[in-house]
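The following pair of complexes shares a single chain, chain A, combined with chain B in the former and chain C in the latter.
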Partner chain A sequence: MRAFDFVSAESADQAISLLSEHGPNVIVLAGGTDILVDLKHAKHDPDVVVDITRAEDLKGIEVNDGGLRIGALVTHTQIMDDPYIRENFPALVHAAHTIGAVQTRNLGTLGGNLVTCVPSMDSGPALMALEAEVTVAGPDGTRRMGLEEFFVGPRKTVLEHNEVLLDVIIPRKNLGKPADFLKFGLRKGQALALVNAASALWVGEGNTFKDVKISLGAVAPTVIRAAAAEDFLEGREITPENMAEAGRLAVEDAKPIDDFRASASYRRDLIAVLTKRTLDNAYRLAQGG
Partner chain B sequence: MKKRGKGMGCMWYPIGFTVMANPSAATVKVNEDGTATLITGTVETGQGSLTVLGQIAAEELGISTDDVHVVSADTDATPMDTGAIASRTTYVTGNAIQLAAEKAKNILFDVAAPMLGVRPDQLEAKDRRIQVKGFPQSCLPIGEVAAHAQNGAGTPALGSASYNPPTVAMDPETGQGKPFSTYVYATQIAEVEVDEETGEVEVLRIAAAHDCGTAINPMLVEGQIQGGISMGVGMAIQEEMLFDDEGRQINPNLTNYIMPTSLDMPDLEVDIVENFDPTGPFGAKGVGEPTAVATSAAICNAIYDAVGARIYNLPATAEKVLAAIKSKDHSDRQKYLPAG
Partner chain C sequence: MGMKPSPYATKIPYEEKDNKVVGGRPNPADRSDAIDKVTGRARYAADYNLPGQLIGKVLRSPHAHAIVKSIDTSEAEKLPGVKAVVTRDDFPDMEVEHAASGELMVNFRDVTRNMMAREKALYDGHPVAAVAALSESIAKEAMKLIKVDYEVLPHVIDVRDAMKDDAPLLHEELFTKGAGIEPDPSKKSNIATRMESKLGDIEEGFKQADFIVEHESNTKAAHQGYIEPQASVANFTEGGTIEVYTGTQGHHVFRAQIAKLLKMDISKIKVVPAELGGGFGGKNNVYLEPLAAQLSRKANRPVKMVMTRDEVFRATGPTSGTNCKVRMGCTRDGRITAAQAELNYQAGAFPGSSLPLASITVFTRYDLENVLVVGHDVVCNRPKVAAYRAPGAPMIAFAVETAIDDLARQCGMDPIDFRLKNAAKQGTQTHFGPPLGQIGYMETLEAAKASPHMNEPLGPNQGRGIASGFWFTIGNDTSATINISEDGTASLIFGTVDVTGGMRSAFAMIVAEELGIPFEKVRTQVGDTSALGFNFMTAGSRGTAAGSMAVVKATRDAIHRACEIAARKWEVETDQVVWENGHARPASANVGDFEPLSLAQLCKEATWFGGTIAGHAEINVAMGGPGFGTHLVDVDVDRQTGLVKVLRYSIFQDAGKAVYPAFIEGQFQGGAVQGIGMALNEEYIYSDKGTMENPGFLDYRVPVASDVPMINTHIVEVPNPDHPYGVRGIGEVPIIPPLAAISNAIHDAVGVRLLDHPMSPPKVLKAIDEAAPAQAAE
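And then the complex of A and B:
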C-alpha cells in the first residue's frame, strides 16, 4: 500500500468538487469494507481518498412522491432494521442479511455494494427485480437510470471519477410489490453467492403473472434480468409448472462460469431452482403468506 | 424437496504412541506460602490443557488449582515436550506432572512426619494441609511444611519426573507389538436435511458420546468435543484444499477455503462416558483429535439415509451430493475406491 492523501466531504456537492479537484486517480470511501481490503492488496493505488461518510445528504430512508428513496450511505444493517422496508420489502431485508458478517453489514453501505459492482453482489438482484433506479451526481448535475444501465461489467459502473451515487429509488408503482430474494453460497454465513436470484410480481386477473421481473446475480458479468423467463410468464396462469419452466428459461439468460467453487453446469441447476423458488415465495407473499 | 436422515459414526482412537520416543517431563515445586509452581514444556493451544495439567498437580498435592502457577513452553527454561499433538497432553504430560508432584509431596511427608509424630506413609495431602490419614485434625498447613522443608530440614519440596509410554517393540516377523498406550472410543449421531434440488446438506443436530477416561475438567472436555465436531462438519461438507495443475493451492485464504461459521453449526448434545484408565493420571486418557473422527461418517450416513446417495470422497459439497442424487446408480463408487 502506497501513501495517499485523505480528504473528507460533508455533502455530495463537496465530494464532487473534491473528486474533480484531485482526480482522476481518486477513490471514494464509504463503508470501506471493500476499499480497505483492496488498498492493502494494492488493487487500488489512489493519490487521494475522498471520505464521504459525513455527507448527511447521502443518508436516510424515506418514502416520497417518487417512491422509496434509500440514500447511498445507508448501511445493510439499517436496511434490515427499517420498519417500512421490513413491512413492504422483505426481499431487501433478506438480501441485506446475507451480506458478509454482522460487522460488514454494520459498516458496508448499499451504495458501496452497488458501486463496487462485483457480479455476485447481494444487493443487486432484489433491487433490479423491483426496477430500482439510481441517481448519479457529477459536476454537470444529476442523472437517473435503471440498474441495468448503471452496471457495466465486473467492478465497473457508469460512474466517472468525479461522480457519486446519491441514492437508490424504488418507483412508487412498486411499493409493496411482492418479491423474494434467495442466495446460494458454499456455507450459511460469510459466503459469496454461487448464484443469487430475485423475483417480483403482481397477481393479475384469473391468477396470472403480471409485471413479473426476475433478476439473477453471479451468473453473468453483472447482475442481469432474466428476460426470456419474464416474457414467458407474463399473462400466464400461476402454476408450479409455469414457475419451473421459467426457471429453465432463466438458465438461457445467464452465462455462468466454471471455476473451482462450482461447475457452470451446477450453477445452471441452481439458477433454475432459485428462480422457481423466488417466484413461488413471491406468490405466497402476494397471497398474504 | 428437503429430506431428513440420521446416520451414525463410531470410532476408536489411540492415545500415547509408543513406536518412537514420546516423553514429557515436568518439575513441581511447593512454595513456602503453600502455592506450587509447575514447569512444563507443553504449550497451550486454546484447548485448556494448562488448566487440566494444573488440576493434576493440585490434586496430587492436595491444594487448589488456583494455587498452582503454571510455567509452560519456554525453551530457555522448561523441559522439552514432545508436543501438544497426538491427543497426548493430558495422558503423557499429565502422567509426568503427577509423578513430579508426587516426588515433591513425598519430601513434604518426610519433613512433616516427625513434626506430627507419625511415619511418612501415614500422611496424606488434602485441603491445603499435610494430615494424618484417618485423623485429619492432626495436620499442618502445607505452606508451613514447605517452609520447614526449605529452612529447617534443608530438603526443598520439589520433584522432577518424566514419562514415556511403555514401549513394546514391533515384531519384524509378525508386525505385532504395542503401538499405543491406551485407546478411547466414541459414537456420534448426525441428523441432516438434504435439499434434493440443490444437494445442499444442512446438519441439524449431532449427538456425541465420548470416552475420555476420567474427565478431569468436564467443561473443557465438552468444549473440545464441540470444537472437534465443528472441524468434523467442515471436513464432512465444506473443507477442501484445491490445487492447480502445477500443485499450487487455488484457495489459500479463508474466503475460498470454506469452513463452518457459527451459522453452519448444528445443535450439539455431548455425553461424556467416563471410563477410568489405571495407566492415566487419575484415570484420564484424552479427547483432542478423536472428537473430529466420527463426524463425517455420521453425516455421510445421514445423507444416505435422507436421499439414498452415497458420498465416497469428502467433502460432500452440495454439487457432489446433487450429482449423486441424480445418478443414484452408485456406479461412481468405483471411481473413488483405490485401484485393485
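And then the complex of A and C:
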C-alpha cells in the first residue's frame, strides 16, 4: 500500500466534482469492505480516496412513484432490518443475510457490492430478477439503466472514474412480486457463492408462469439472466417438471468455469438445482406460504 | 512413543477426597486471561514492540522443488532503510541430531534447512532469504531486489505418487530405514522409514473370520488453523545474549533449538512466551525465531517478524495427508479376530510425520489378539508437517472406525454393541507395547448408548454415526514454583504454556484446594525460560495433566515450609504439624494446645522463623492416563447438492477427574469442531505446479459458528490412578472421531461410503450419483 490523499464528500455532487478534480487515479470509498482488502494487496494504487459515507443523498430506503428506491450507501444490515423490504422482498433479505458476517454487513453497502462487480456478488441476482435499475450520476447529469447494462465484466461496470452510483430502483410493477434467492457456498458464513440464483414470478391464469425472471451469479463473467429458461416457462403451467426443465435450460444459459473451488460440471449441477428451488420457493411465496 | 519409561519418573497415587474448589464451576469470566482477551488487551507476540526495532520479512520460494543455484542480495542491501539480509550462508550447517519437539521428533540437520533453504527449495513457500528494514514496505521492496537463481525440478505432492519408484526424489541421501530394513545405499527413496508392529498371528486371525471388511481411505493435509499467525520479536544484545518474545507451545524447547541452530549456550538465551492465539501442535516448531535473532545480530537492533496468513498456510503446519489401508475380520457373533493396517503418511519436505504416534492409536481401544500395523513415512514437496491435535490419529481412525461400522452391519449388530463387545479395558494388551491400565472406554460407550441423543428421531436422508478415539497423555520434564506473598496470597509460576485451554485457572483451583485458600487468592502465570527449570512443551495432552503434578508437588513443598514455621514457633517438630483448611494445626492433642495459624499469619512470622514461604518442583512426570472418547453425530444429506449438514453432535469422553469442567467441555467442543471442519471442508489444494491454491481462510474453509450445532458434552470420570487428582489428558481425543463418525452418519443417511477426505459436497454428490443406478436396480 502506497500513501494516498483522503477527501470527504457531503453529497453526490460534491463527490463527482472531487473525483473530476483529482482524477483519473481516484477511488470512491463507501463501507470499505472491498477496497481495504484491495488496497492492502495493492490491487488499487490510488492517489486520492474520496469518502462518500457522509453523503446523505446516497442513503435511505423509500417507496416513491418510481418504485422502491434503495440508496447506494444502504448497508446489507439496513436491508435486512427494513420493515418494507422484509414484508415485500424476502429475497433481498436472504441475499443480504448471506453476505459475509455481521461486521461485513454492518459496513458493506449495496452500492459497493454492485460496483465491485464480482461475478459471485450476492446482491446481484435477486435485484436482476426483480428488474432493478440503477441511477448513475456524473458531471453531465444522471442516467438510468438495467443491471444487465450496468455490469460490464468481472470487476467492471459502466462507471467512469468521475461517476457515482446513486441508487437502485425496483420498478413499481414489481413491488411485492414473489421472488426467492439462494446461495450455495461451501460454508454457511464467510463463503463465496459457487453458484447463486434468484427467481421472480407472478402466477398467471390457469396456474401458469407469468413474467418469470431468473438470474444467476458466479457462472459467467457477470451476473446474468437465464433467458432460455425464462422463455421456456413463460405461459406454461407451474409444475415440478417444468421447473426442473427450466433448471436444465438455465445450465445452457450459463458458462461456468472449472477452478480449484469447484468443477464446471458441479457448478452446472448446482445451477439446475438452485434454479428449480428458487422457482419453487417463489411459487410457494405466491401461494402465501 | 518409543521412549523407555524412567524408573525415576514421578507418579502420585490418586487421592479420593471431597474437593472444595477442584471440580467446581467458577464463573469463566473469572479466568484471569478472559476479559483481556475479549477486550483486546491481551498481549500476543505481535503486540510486543521494542524501541528501535526493525521489521523482518521472509523471501520464499515460488517453486515446489528447485535447486537454489545462487542468491544475490547485493542490490537489496544497498536499498536505503535495509539493515540486514540473511540467507543460508548466515547459518551454520547442522549434523544429523534428533530431539523431541512436542509430540514429534526433529532432526537439526532438517530444522536448519526448513527455516532457510540450503541446497534446494523443497516446497512452495520455503524460505530462501530474510530482510530486516526500517519498515515493512522497505523490507518488501528489498525482497524484490534479491536475485535467486533457481533450477526448477520435477516435484511430487501426493503421498502415493511419492512412494513410486520413479518419483522425483527430494533428498539425495535418503534411503528407507526401519523395521527389518537395512538402508540400501543403492536405493534412494522418498520413503524415509518403514514401521511395523504386531500382535499374535494375523493370517490365523483372518482364517477365523466370518466377515472381512477392507477400507482404503485418503485424506488431504489440513492446517491447525490457529487464528494468530506466527510472530516473534528478537533482540540480540551487545552482551551476546538473545531475548525472544514469541508465540510458542514450549519456550524451553524453542530456546534449546535456537541455541543449537545459532551455536550458542542455552543460558544466553531468554524466551518469553507471549499469550497464544491457538497452536494445536502447530506452534511446536521454530520458524521465525532463529531468523529474527540472526537478523538482529547482524543489524544490531531488535527485529520483529509477523507472518501473513498466506505464509502460515504455505510454510507452517499442516498435518499429514495420508493413504490408509485397513483390513479387519470378525466372527458371525461380532468378535474381531484380525486387524491389519497400512499407514502411508506424508511428512512434508523432511522426514518425520506423525506416523509413530498414529501407528499406536490404530486399533487401541479394542481388545485384539491378531494385529499387524505397517507404516511409511514419506517425504514430498510440501511444508514439513507439524503436530496437529492427536497428530495422525483422525486419519487412521477414519479408515478403522468406518470399517468397524461395516463389520457391525455385516453381523447385524448395533455399532455401539459391536464396539462394547470388543472394547479395550484394564489389562488389554496393546499392539505397540504395554498393556492398558485403568481406562474408561467402555464407560463412554455406555454413556452414548444411554444418552437422549439416541432417541432423537431422524427424517429422510438423515443418518446417525458413531466413532471412537484414543490418545495418550505424555509426561516429561515439568517445573513449577509457588511463592506465598507477605499477605498470604499465592503466586504460581509454571512452565507448560497455557495454550488457551485455561490451564492458569485449573492450576489456580488446584493451588487453592491444596492451600485451603480461596481461588481468587491465587495468581498463576507462565514463567519465561529464566524463571524456571526446563519444561517440556504443552503437547501430547500433557499441559494440565503433567503440569499439575509439578504444581501439586511445589505447593506441598510450600506447605511443608509453612508447617516448619509453625513448628518453630510452637517449638515442636515439623512432622508434628499438619495442614488443614488453610491452617497449620498440631497433628494431635499430644503435640500441644496451639491456636491454628493461617497462611497469612504464618507469613508474618516467616522472616523470624527462617524466611519466605515458597515451594518448587522439578520433576519428570511419568507418562500415563490415556483418554478415550465416543462421538455421536446426526447429519442431513442433500441428495441434489451433496451438502452435508451436521444436525446434532454429542461427545462422551473420559476426562479422568475434571478439574474445571467448563473448560473440559470447551476442549471437547473445540476438538470436535476442528474435526467436523476437517471432515467436511478443510483441505490443502495444489496446482499442477505444486503451489498451494488456497492459502487463506476464504478458500481454506474452517467452519464458522453457523456451520455447527451446539455440541453436547458428557464428561465420563474414571480417575487416572497415577495422578493425585485423577487427571487425564483430554485435549486431543475429541478431534479423532469426527471424520469417521460423519462418514458413518452419511452412510446411515444415504447408503454411500465416503472414504475420500474431505467429504465435500461435490464428492458426496458424486458418490450418491454413482450409487443411484445400483440402488435403483435393487
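Keep this in mind: the second predicted complex is superposed on the first by the 289 of 289 C-alpha atoms of A that agree within 3 Å, B and C clash if a C-alpha of one lies under 4 Å from a C-alpha of the other, contacts with A are read in each partner's own complex, and residues count from 1 in each chain.
Just so we're on the same page, a residue touches a chain if its C-beta (ideal position, glycine included) is under 8 Å from a C-beta of that chain, and two chains touch if they have at least 3 such contacts.
These numbers come from a predicted model, not from an experiment.
Applying the stated clash criterion after superposition on chain A shows that chain B and chain C collide.
After overlaying the two complexes on the shared chain, residue contacts for A:L192 are found with chain B and with chain C alike.
Applying the stated contact rule after C-alpha superposition, one finds that A:V273 touches each of chain B and chain C. After overlaying the two complexes on the shared chain, residue contacts for A:N25 are found with neither chain B nor chain C. Of the two partner chains, neither chain B nor chain C is touched by A:T142.
Once the two complexes are laid over each other on the shared chain, residue contacts for A:F184 go to chain B and to chain C alike. In the superposition on chain A, A:S263 makes contact with both chain B and chain C. Overlaying the two complexes on chain A leaves one chain C stretch of 169-177, 223-231, 421-429 or 619-627 clashing with chain B, which is 619-627. Taken together, the two complexes place residues 101, 184, 186-192, 260-263, 266, 269-270, 273 of chain A in contact with chain B and also with chain C.
Those residues of chain C that touch chain A in the shared complex are 137, 640-641, 643, 681, 685, 687, 693-694, 697-699, 701, 703-707, 760-762, 765. Those residues of chain B that touch chain A in the complex are listed here as 197-198, 200, 238, 242, 250-251, 255-256, 258-264, 317-319, 322. Looking at the complex, you find that chain A touches chain B at residues 101, 184, 186-192, 260-263, 266, 269-270, 273.
Note for the complex: chain A touches chain C at residues 1, 101, 184, 186-192, 260-263, 266, 269-270, 273.
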